[in-house]
Structures are given as C-alpha cells and as structure tokens.
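For clarity, chains are labelled A, B, C, D and E in written order, and residue numbers in each chain start from 1.
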Amino acid sequence: MTTTDTDSTAPDTSGRKPPAVAATGPGTDTLLQTDGLTKRFGGFTAIDGVDFAVEEGQLRCLIGPNGAGKSTLLKLITGRHEASEGAIYYDGAEITDLRPNERVDQGIGMKFQVPSVFDDLTAFENMRLPIQRVVDGDLEPAVRDALERVDLGGQAETLAGELSHGEQGRLEIGMAAALEPDLLLLDEPVAGLSVEERDEVAELVTDLNADGIAFIVIEHDVDFVADIADDVTVLHRGAVFREGDIEAIRDDDEVRRIYLGGE
Amino acid sequence: MLLECEDLSVAYDTTLVLRDVDLHVEAGELVGVMGKNGAGKSTLMKTIIGLLEPESGAVRYRGEDLAGTPPDRRARAGIGYIPQGRDVFPDLTVEENLLVGEGVNDASTDDLYDEVYDYFPILEERRTQKAGTMSGGQQQMLAIGRALVGNPDLLLLDEHSEGVQPSIVEEISENLRELNADLGTTVLFVEQNLGAIQDMADRCYAMKRGRIVDEVGADALTDEDAIASYLAV
Amino acid sequence: LTGSGSGENTVKLGIIEDRSGNFALNGTPKYQASMLAIEELNEEGGILGNEIETFAPDPQSDNQRYQQLTRQAINEENVDALWAGYSSATRETIRPIIDQNEQLYFYTTQYEGGVADSYTFCMGATARQQLGSVFPYMVENFGSDVYTIAADYNFGQLSADWVRVLADEHDANVIGEEFIPLSVTDFGSTINNIQDADPDFVMALLVGANHTSFWSQRSSAGLDIPMGTSTVMAQGYQHKRLDAPAMKDVYGGFNYMEELPTSRNEEFVSRFYEKFPEASYINEEAVNNYFSIKMYAQAAEAVGSTDQADIIEELEKGMDVAAPEGDISLQGPVHHMTHNMRVFHCDENHNITVKDEQMIPEQFLSETVDVDLAEEDETTQYVPANFYEEADTTK
Amino acid sequence: MNPLNLLFQFADNFAFVVLSAVGLAVIFGMMGVINLGHGEFIMIGAYGTTLASNAGAPLPVAMISGIVLAAILGFVVERVVVSGAAINWVSERALGKSVVEPLYGRLLDSMVATWAIGLVLTQGMRILFGNSIAQVATPLGNVAYGAFSYSTYRILLAAVAVLVLGAMYVVFTRTEFGIRARATIQDADTARSLGVDTDRMYTTTFVIGSALAGLTGALYAPTLTVVPGMGSSFLVEAFVAVVIGGPSVLLGTTLSGGLLGAIDAAFTNLFGTFAGQIAMLVAAVVAIRLLSGGLTGLVEDVRNRMEGE
Amino acid sequence: MGLGERFDRLVDPFEGPNTFGNTRTFWVGFALVFALLVGYPIGFGSYAASSAALYLLYAILALSLSVVWGYTGILSFGQVVFFGIAGYTFGIVSLNLTSAVTTMLALPLAVGLATLAAFVLGYFMFYGEVRDVYVTILTLVVAIVLNTFMAQTAGAEWSVGSVALGGFNGIPAIPNLTFGVGGAALTLDGSSLYWFTLVALLAVYLGLRALVNGRFGYAMVAAREDADRTEMLGYDVRRIKLLVFSLGGALAGFSGVLYASWGNYISPTVFGITFASIPVVWVTVGGRRSLLGAVVATVAIEWFRQQLSVTGSQYAMVVVGVVLLVAILFVPEGIVPRAREAVVAVRERAQRTSDSDTMEGTPE
C-alpha cells in the first residue's frame, strides 16, 4: 500500500487533513482549531459543526444561552466527551482521538463548571498533584509558591472540601495553571462568587494571560467578561452565533434578544 | 408574621457560623439576604428548612416553633427550598424531579406545572431527559421549578441566579414577582447578584461573618454603592 | 521420630468434625458418635487404664481451619490419634501435615478410594465397594442400560469411572453420563436428558446440599425410573428430610443405615439417641467413627502403649471389629476395611428395607494396584484411570 | 435437542435468575446497598414457609408466613443496622448523641455488614432448627409431553417471575412512591427538604426488597433443599444479574434474566451443565466489559441511535 | 548531624500524610514490636510460630488489597484469584521439578504468573472503562469461574507435567519453600518459615509505605478520589490503576506461594466466594486506608476466629458476625485509625498538662 503524503510538514494527523484555516507552521500562531466539530446525544445535537479557533496567548470568552453547548464544547476539547464528527487540532497536530490526560500533556488545562478539587485532601496535597508532574526536585517550596500565587498560602493545611466556594475555584485554577499549560479552559469561574472574589479571579486570569497562557473562559457574568477579554464568541444552539469584541457583542440586538436581555 | 428567626446560632461541629440572627418575613413579602462568601447565608437557609439544628434560638413559622420538626414536615407545611448548587436528582428525569417537588405544601391542592412550564419551556421540552445531563443553567431552572410546582407559601432561594444566563435571571425575577402578586407566595432569597437583588427585593438583610449587620429598606435598595459595599467588603 | 503422642498416663484423641458450615449436616453425627464411643470406653475404664481425653474443636467446614487445627492437635495437644474431616478435599488438605508429623489418622467418610498412606486409615467404604454392591443388583433387576449423573468433582468423576468399570464387568452399557457442578440446584435439563435417553436405571452420584434438590425435582417432574446411588440417604438422610415420595425407588449401596434391622444395631441406635436425644440421624460416617475409635482402643490394648508407630504396626496386621453394621475386619496392608455392604431400598413412603447383603473387601489397592503399606511406606492416592481402560478419560 | 425442553429450561432458568435477583435489585438499585445477606433473606423465607407448612398451614398460607418473616427481618435489619436508627434512638437518650452513621451511600461498608448478618443468620438458624428441617413436597404434579414431563410448579414459577417484575416496575417507575424512593437515595437532604420522609422511604424500600427475597425463598422452598446454608446458591446468579442489568435495575434484571437464562439453557443442552455454568459467567464478564451501562444502557443507546436517525 | 536527624532522614521516605505513624515514637514502638515478633517462636515454640506464619502471610494478602482498594479505590474481590494462581503455579512447578533450585525458581515464576494474570485482567478492565462496583463483581466472577473450573479438573487429562491438578481435592504434598541447593539448602518450615514471612511482611509494609507516600502514591490517591479530575491533571488513570492492580496481583501471588508452601497444599476453595470475601473483611475492619490497619486486623481477626473454632462452640460464627457488625457500625474508619485518634487525644491532653507544668515549674 502506498500513500502519497502531500503535506510533509504536517505532523501525523492519522490520515485526516488539517483544514485550510489552520495555519500550523512556525510563524503562524493558531493554538487551537476545531473543524466541523459536532456532538450528538442520542437524537439531540448539542454541538453542531463548530469551527472555532484560539490564537496563542489569546483570551477568548465564550458566552451564550443556557444549554447552548458551551460546556459541551469545552468537554470535547479536553476529551471528556468524544466528538461525533469533526476534528480538533492543537498546536498543529490533530488531537481528536487523544485521551484527556494526553491532551493535558500537550498543554491544555481545564477548570470544570462545578468546582472539583479533591475534597478529602488538603489544599497542599491538591496542589502537589500537578506540581509533582512538572517539578523534579524538592516539591515543598514549589507547592507553597503555587499556593501563594492563588492566595491560598494560609490555607495549605485546610481540607479542600472545607474551603469556601471561591477558594475552591481559585485552587482549581491554580492547579490547572501549575501544569504550565499553553491553553486554559475555565467553565464559569466566578459563578456564585462575591464581587470582591470575582475581581480576584479576574486579576488572576489576566496575570496568567500576561504570562502567555491562552484562555477560553465561559461566563454568564458579562461584566466579568468585559473586565478580562476583548474577544468574545457567542454560542447558540450548538453553533457559533457571533464573534467579535465585547462592546460590539453587547450592542448586538440579536445577542440581547437570545441572551443578555434588558432593553 | 410568616417566618421569624430569633437569636439563631448555628455551628458546624464547634465553630459557630451563625450568631444571634434575628430576622422576620411577613406573609407576601419578598426579602433578600446578601453578604459575601462564607457569611453564613446558606447556613441560614439550611437552618430554616431544618437541615441544620440551631445551637440556640428559634425558627418560627406561622408563629409555631419549628424546633425538632424535620425538613420534610416543614416542606409539607408549605416551605419550598432551592439549595445552592442546583442539587437536582441526577438520575431522575426532569419530570420525575418535578414530581418529587409536589411533596411541598400539603395544604395546596393545585400543582403549578403550567406555570413552571410556562416560565421554563425547556423543562417541558426535555421532560424525559435525565436531570444530570442537563446544562448547568437548565439544572438551575429545574431546581427552581421543582420547588415551585407544589405551590409553596414560603419559597427559600439560595443563589438561584448562579449560572443562569442574564436574560433569564431577569425573567426569573419578574416571574417571582408575578407569582408573589398572583398567589401571594412569600420569598426569602439569598443573592450576590446586584441586579437580582434590586429587581426582586422589597427589603434586604445584610450579613457579615454570621451576623445580620444591617437591614436595607426599599428606598435604600436603589443605592448601588450601599449594596455593593455589603457584597464586597 | 514418630509422632510423640501425649504423655505417659493420658490418652488424648483428636476429633475434628464439622458442626457448622457447609458440612455440619454430615459432620455433626460423626462428632456425636465419636463422643459416644469415647464415653463408652471411659465407662469401661478407658484405654490402658487411662481416661480418654479429647481435643474436639469445630473446624466449621473450612479447610484452612482444618490445617491449623490439625497442627494444633498434633503439636500442641499431642493427640495420640486423630479423626478428622468429612470431605476428601479436607483429607487431602491435612494429609501433608499428617504425613510430615507421622500422625496416626483415621478418615471415616465413604470416599472415592485409592489412598495409600502409611499414616492414614480409611474406615469408610470406597466407591468400588459401595457401587460394587448396588450396581450388580440394579443390572440384575432392572436391565442393562444405565445413565450416570454425577457430581462434577473428584468423587463424582471417579465414581462414574467405577460405574464404567463395573458396567464392563457386568455386561451393562452406560448410555449416558452427565456431570453436574456442585453449585447447581436446578435439574430441569438433566431430567429431560434422562427421559430422552430412556435408560433402565439411573446411577445418581450426587453430592451435597445443592444436589439434594434433584430428588424433589425428579419426583415433581414425574421421572420414575429406578435409581441406584452410593451417596444419598446413608449420609444426608434425605429420606427423612424430604417429603415422600421424593426418594421413591432409590437403591443405595452402603455399609450402614440407621434403619438396619439387626439387634446389635437396634441396641446401638437406642444407646446413641439416649445420649443425643436431639440428634437427627446416624449416618454411615458416624458408625465408621464409632467402630474405628473402638478398634483403636483394641489395638492400643494389644500393643500395651499408645505409641503411634507401634499401633500402626499392630493395625497393619489386620484386626476384627464388632461394628454396628456387623463383624468386619481391617485389611492391614492397605489400611482399609472389608465392609458388610448392603443394598438398601427406599419405598414411596420412605421406608427402608435391606434387599441384598454381602461382604466386600477393598479391592483396588489390595488387588489391582497391589499395595502393601506394611512393606513399603507410601503417601499417595491412586486413581483407576491408570489401571482400567474404561476409567481413562484422556482417551 | 428438543425445542420444547429448551423452552422449558429457558423459562426455568429465567425464573431462577429473576427471582434470585429481584430483591437484591430493589435494594441495590433503589438504595445503593449491596445486601450480601440477600441469600440468607431468601433462606429465611424458605424456612418460614417450610416451618409453617410443617405446622399444618396450607402451602399458600405458609408461603405468606415466609414472606412476612423475611419482611420483618428486613425491617429490623434496616432499623438497627443499615440505618442505625434504633441504635441512635437509644444512644440519643442515653448519651445525648447519635453514635452510628447510616450505611446508606457506604456501599462497601454495607457489603461487609450484610455479609456479617448473613453469617449470623445462617448459624442462628442452625442453632435454632438444626442442620435441616423436614421438607415440603413440590405441589401440582407434572405435565407430560411425549417422552418428556415437566414439573407444573416450576413452569408456574416462570409466570410468577414475570408478574413480580411487572409489579415492581410499576411500583418503582410509575408511582410517586418509587420516584420518591429513588430521589431519596440520590440526594437524601434535598429529598427531605422537598417533603419526602426519607426515613420511611428507606425502610419501606428495604422491607420490599426483603419481602421479595422472602417470596423467592417461599416459592423455591418446595423444590430446593431447605438448609441453613442454602442462601449461597442464589447469590452468584443474583449478583451477576443485577450488575449486568445496569442502572435501570428492574428492566435490567428482566434482560439479564433473559440473557443468562437463554445462555444457560443453550449451553447446558449442547455441552452439559458445567458448560452452561461457565458460559453464563463468561457471558457476564463479557457483558460487564462491553456494556459500560449494563444491558439497560445498551437498550438506551439503541433507542437513542434510532431516534437520532 | 545528630542521631535524631540521621534517624529522620532514614525514615523520611516512609513518612507522609498517606500513612500514620510519622513520629519518632511510632518508629521506636514499631521496632520494639518487630523485635518481639522476631522472638516469638523462641518463646512459644514452633507450633505457635507456624500458626502465626499463616496470619502473617494472610497479612500480605490483606496489604495487597489495601493498596489496591484502600489507596486506589479498586475494590477487588479477586485478590484471591492471584493468590490462588500463584499457589497453584508454585505447587505445579515445584512438584514437577523437585530440587531445591527449582523450588527457588518456582517462587518467582508463580509470582510472575500471578502478576501477569493481574496485568491481563487489569488491562481488560481498566482499558475497557470498567468501573466501580462492576470491577468488584467482575473480579468476583473471575474467582467463581476459576473455582468451578478447578473443581472439575479431577481427571487424569488435567495434568501439568507429572502433576495432576486434582480437581476439588486440590494438590497435596507441595514442597516447602527452599533456598539453596543440596546440603546447603535452607528449607523453610515452622519457625524459619515464620521468620521469612515476618521479614517479607516487613519489607512489603515498608515498601508500600514508601510507595504511597511517594509521587506515585499521591497519584493513586487522586485516582481514587476522582478519576476524571486526575486525568485533567495529566495523569493516565488507566495506567495508574493497571500498575497498582498488577502490583496487588504480585503481592497476593507472593502471599499465595507462602500459603501453598505453609500448608503444602492448594485447592479450589481459595477461589471460593467465602475465601474471597475474607480479605475485604480484614481490610474493612482494620481501616482500608491504613496499611498498618490491614496487618493488625488480619492477624487479630484470624487469631480470634481460630480461638473461637477451638472452643467448638456453636456460637462461634455468630460471635464473628456480631463482632464484624459492631466494628462496621461503631468503628467505621477502622480500628487502627480509631486507635490512633485515641492516642493523639491522650497525647494532646498530656501535652496540655505538661505545658502548664513547665510554665509553672520554670518561671523565667
């Protein structure tokens, strides 16, 4: 059997060709690209042929009505759900069939919609888990550092389950960030947080973004979105509905109708 | 007076989380409770419904001391409760979740399915879907609908806008006001969302470290900065 | 060194029989009969003038427990002789310990046969002895087509081998054969298969509580072909437990059943129930325990000591005993008994009658294999497959 | 191989698997408690039936006694051990605090606890009634067809199995009680705050499961050996059926009863009883491996896929 | 560097939040108990030693379950599968080739085969996304299949080399574990088997302590707590489970070899449902997240059951059942964790009083 490989610069993509829009070589900077991504649950199509891209270092927010498919899209990217159709490319290579942990190895980190730290482990032990994957020598100082970064230095010995809602959220972001990802996915990081805590998270996200980590952030709190991001994608009924900067989106009548409300 | 908390103190193990909380709600009122994370808002709600027993103090419903009354009896006496974090029954379908809610308020003979489906059409559309596979916001709507179907006299809402899209948050506020006007349902709700508080509350309590530190009347509620100070500091 | 036994002035016997767990039904009468024998001996002045002491724990039908208790009996309690275990698996479990410690050991359950072990005395009838009494009777009275159903493990498989060997010797045909795992309780297909094959009689070599269900099921399904057996009634007294007519027309080849109408036995039975009014039944194994304890006492008296090596040597000379089943004798060189084998018939009202009676010696080791433990020490178990073509299942 | 025989054996196996499993399925599926003493509950049902019948009660009445006995046992076990309510009631009065945590949601602890209960029950029955009791004869005689005949009673059992499944399905999925019971196990606190008397749900469900075990014992008492250790002969089939049935336990039990019954009947007929047993177990292993959602999951997948077209 | 410091360095790999006993007092007590155990056969003779050897080798089986279940969350009813496979392998190999060298060879072969079996079964399960209670039942079913299968291998056709599998009755006369050749050979029997098992148990215990307190151990615990979450931290949970399960198989297998050589016997009962449940009982009673708990509970329960059986009382099983019930209900976290809590409480009280003493006694 002979195969004619027309694009020898592309890494192995298991026979599938990257889409034209995915510029992959050095000099271009698309980090993540989905191509016709589709997810069906039984007869229901939750994600419907989505083409979506994130540039290196970009901070992109994802908004849209309840049930639009935002969480599902993130779960497809992290591998928690298997795609029904379409492909996902990361850093130029196809990752559609990789397992979740392999995607993490490639540099994708995730914070779930419901805080999911390890309740019965202390904050320190929680943080140790990502740190021990990236640090070879003495773990202790590295873990303490990472906890400091998310302002949890004082709570190192507290069981994660006894941390407040907001603290759990920060811990989770901190853990994902500790793996030094290139792309971090956050699903509703400030839901249920007070204004003050919301601002802390906003600061944390912008800081990490300044360090070069790209983000996809799902959030219903549009003020928060406005605080952190310029690029916004609106998802509706499983498809990309609008894409643009936050001001334009806020002023879009259709978006107001389906999502934002308020006259 | 429909609900009254008097000198309520509540602890987890030995740490006091609520201290001497005094609070009252008249029949037909819409009352908010605000305060930052960890202030004890959820603890207060759980104590009212009976999931936690106070160390001291009393919860009175229609003038009757509820001490020793288990949550199910309180629910059947007309208190509907929506826990924080949308605790739907994940393996029951949407419809079955609603059915469990019928247990609220024995005194009422009508079920409010029509109203609930009217407010949240998605619930009717997804009647047979397992609740655990609904999106976050859909689950929140289900949790609200579930507490409503039984037609409660007093509704306890714990951050019901969490994870719900802005337009629906607005709608919920409207709906609850409508419900309050039409059926006289009394509402006590916990919120951190400024908009929701302003939209819904007749008056509002502010909590801080387990104590009620202020009561904000109808006029003061329009003062954003005053409210924000309770949420932020 | 030879198993040291207890000190000078005591005799201690180890009686390790199941009184709880799976085999409690079979083990309890064994325990009771042993206690009766010891009580009677003590009343007559004990052994060599010493009162007999016992070590009688309950192994709970658990083989690991048997191993530990056997070690304890030998090393801690210094028993002079040991009676232990219902199933062959239990015997095999503890035999390594027995042999290592050169402990005199009596295994009293009827079993598949073939154990040639210098320290083990098998007091029960072997499969060949049991089947040797009932099989020819069945062929003679009902015809030559036989269908075997047997428990799917050592005893059942070897018994089925013996049925084949005996069929060959008596010009009968095994027209069907079915092995049933011990865990099975449902015999619907087996009953249909038998009806399909339409044999003259069935040899039912079923074992254990689960298989007991067969009898009610065959009677409610209306399967009324006569059945020969070596495993039911005399051990688990199914004719007493099951509602008639479950055991109708079952013919068993046993050395003993409680109903044996001899005056010696009747006297024995009344002594037994006097001591244990609550007891359920005296099974084959129970009388084997009873007479072998008496036989041990006889040997000790003859030697004049409880030295185990001396007693073994004495027993290997052969010995006659007056057992409840009749006067029988020990075949010294092979450590087995010549038994008074009978065919017992159970009628539709579950009454037991004796149809046939003959002395049958152990033949496999003594004649076929040609073992002489007095001459040569051995600790093995022989199987018929190596000696009979009919029994060789590898072909 | 005679097709009628095959059908009879299938029905027979189906009944055995389903009846073995149904009580376990209710307790596991509804309450998340694996009752390792399930076999002993069946044994209690069989003892109740046999003893009552020996005392002169007509068989149907005797069977009801067996069921009631198992139900009472279930009530006691739930109140004292599984929920710990009785112990806590005492300790609250004596010490002012509760001392035991309910076993609900503690799958493995509940397994060990019920295993221990099984141990006590088996030996307890042996102490009380000896190693065996006089057995009841199988009623109803047989039906003959050509060279073959079948026990009428065992055929009847298959019908009963179907009836029991139907009844349980209705109770647990179509009635408010069933939905409330399922809500209780998924989130007791929330259920309670919606007016569900969770204590009663737990107790009732456990008692229903126990009564079903008792029913199984009562039904099989005339055809199996009634001894203290008889429970273990139901356990393996029961477990395997419940587990490969998947989350929707009653539908699952029906399906696994069908699957295991068919495999057992076919292999037993073709290759003998040993093959039937092994084939059934191997089928269970394969089913567990291939169907992450059990047999009911498979049915749902197929349904979804068809809707998806 | 002071003696104390040097000591701390020495025990450092064995300490961490995943085990108790991270204090000097603990290690001193531990060494003391170990020394007493070494002396046990000298004090109590060879029967006592051989009885105790059984409990100790069971403790290794319990540890295998503790690491698989307690630390990684895989409740395996199948530890006895590997225990039995190794026991059988040891018997077959050592009986086929009866010189000391080959008995020595039989040990690694048997453990190797048990590990392989665990690996294959683990691969089948974990890479097939079989989870939770399904793993439990699947392992149980495998045990029952082996039990049913082995029970019917009585015929001559079921032989490996010169050794018949022996069906339900099992394989008797398995040789003792022997190291060395000919006259220089050391045959393990009675006290020597006890010492060997004791040292092996110590090694396994310390090895597992180091494992669970190391990087891999944290990952195991994380996988137990929440598999999905752990994957999102980049861990391959399937691989973690497979490795632990294989390790568990190896340890259970090692225990099985010791068992076969202890009783010179192996039979299908080791695959039976009763024997399969017992390790779960040991580990539950001891505290499933405590290695020491598994060891202590195993020895205590087995000793207790044996004593009860010696009494011959018909209430023995009832007592065992009731004791288990009481343990589960009143000490759900396990006896060793509970005992530790008590010790900590007492020490704190003592501390408090001595603190006040020093304050009063040394006014500065």
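One rule holds for everything that comes next: contacts are C-beta pairs under 8 Å (C-beta built on N, C-alpha and C of every residue); 3 or more make two chains touch, one makes a residue touch a chain.
This structure is a prediction, so every number in the text was calculated from the model and none was measured.
Following the contact convention of this document, D is the list of chains adjacent to both subunit C and subunit E. Here the chain-to-chain distance from subunit B to subunit E, counted in touching steps, is 2. Common neighbours of subunit C and subunit D, by the contact definition above: E. Chain centres here are C-alpha means, and the one lying farthest from subunit B is C. Centre-to-centre, using mean CA coordinates, subunit A is 74 Å away from subunit C.
Separating the centre of subunit B from that of subunit D, both taken as means of CA atoms, is a distance of 41 Å. Averaging C-alpha coordinates per chain places the centre of subunit A 47 Å away from that of subunit D. Chain contacts: subunit E has residues 148, 152, 314, 316-317 touching two or more partner chains. Contacts with at least two other chains are made by residues 41 of subunit A.
Residue positions of subunit B touching 2 or more other chains: there are none. Note for the complex: subunit C touches subunit E at residues 19-21, 56-60, 62-65, 67-69, 71-72, 75-76, 88-89, 91-93, 95-97, 99-100, 152-155, 157-158, 179, 181-183, 379, 381, 383, 385-386, 392-394. Within the complex formed with subunit B, the subunit A residues making contact are 41, 64-68, 70-72, 113-114, 164-166, 188, 191-197, 220, 222, 256, 258-262. For subunit E in complex with subunit C, the touching residues are 45-47, 50-51, 54, 148, 151-152, 154-157, 164, 166-170, 172-174, 263-265, 267, 269, 274-275, 305-306, 309-314, 316-317. Across the complex, subunit D meets subunit C through its residues 2, 5, 8-9, 12-13, 16, 123, 126, 130-138, 140-142, 144, 147-154, 222-225, 227-230, 233, 236, 265, 268-269, 272-274, 276-277.
Residues 78, 80, 99-102, 104-105, 109-110, 112, 116-122, 125, 128-130, 132-133, 175-176, 179 of subunit A are the ones touching subunit E in the complex.
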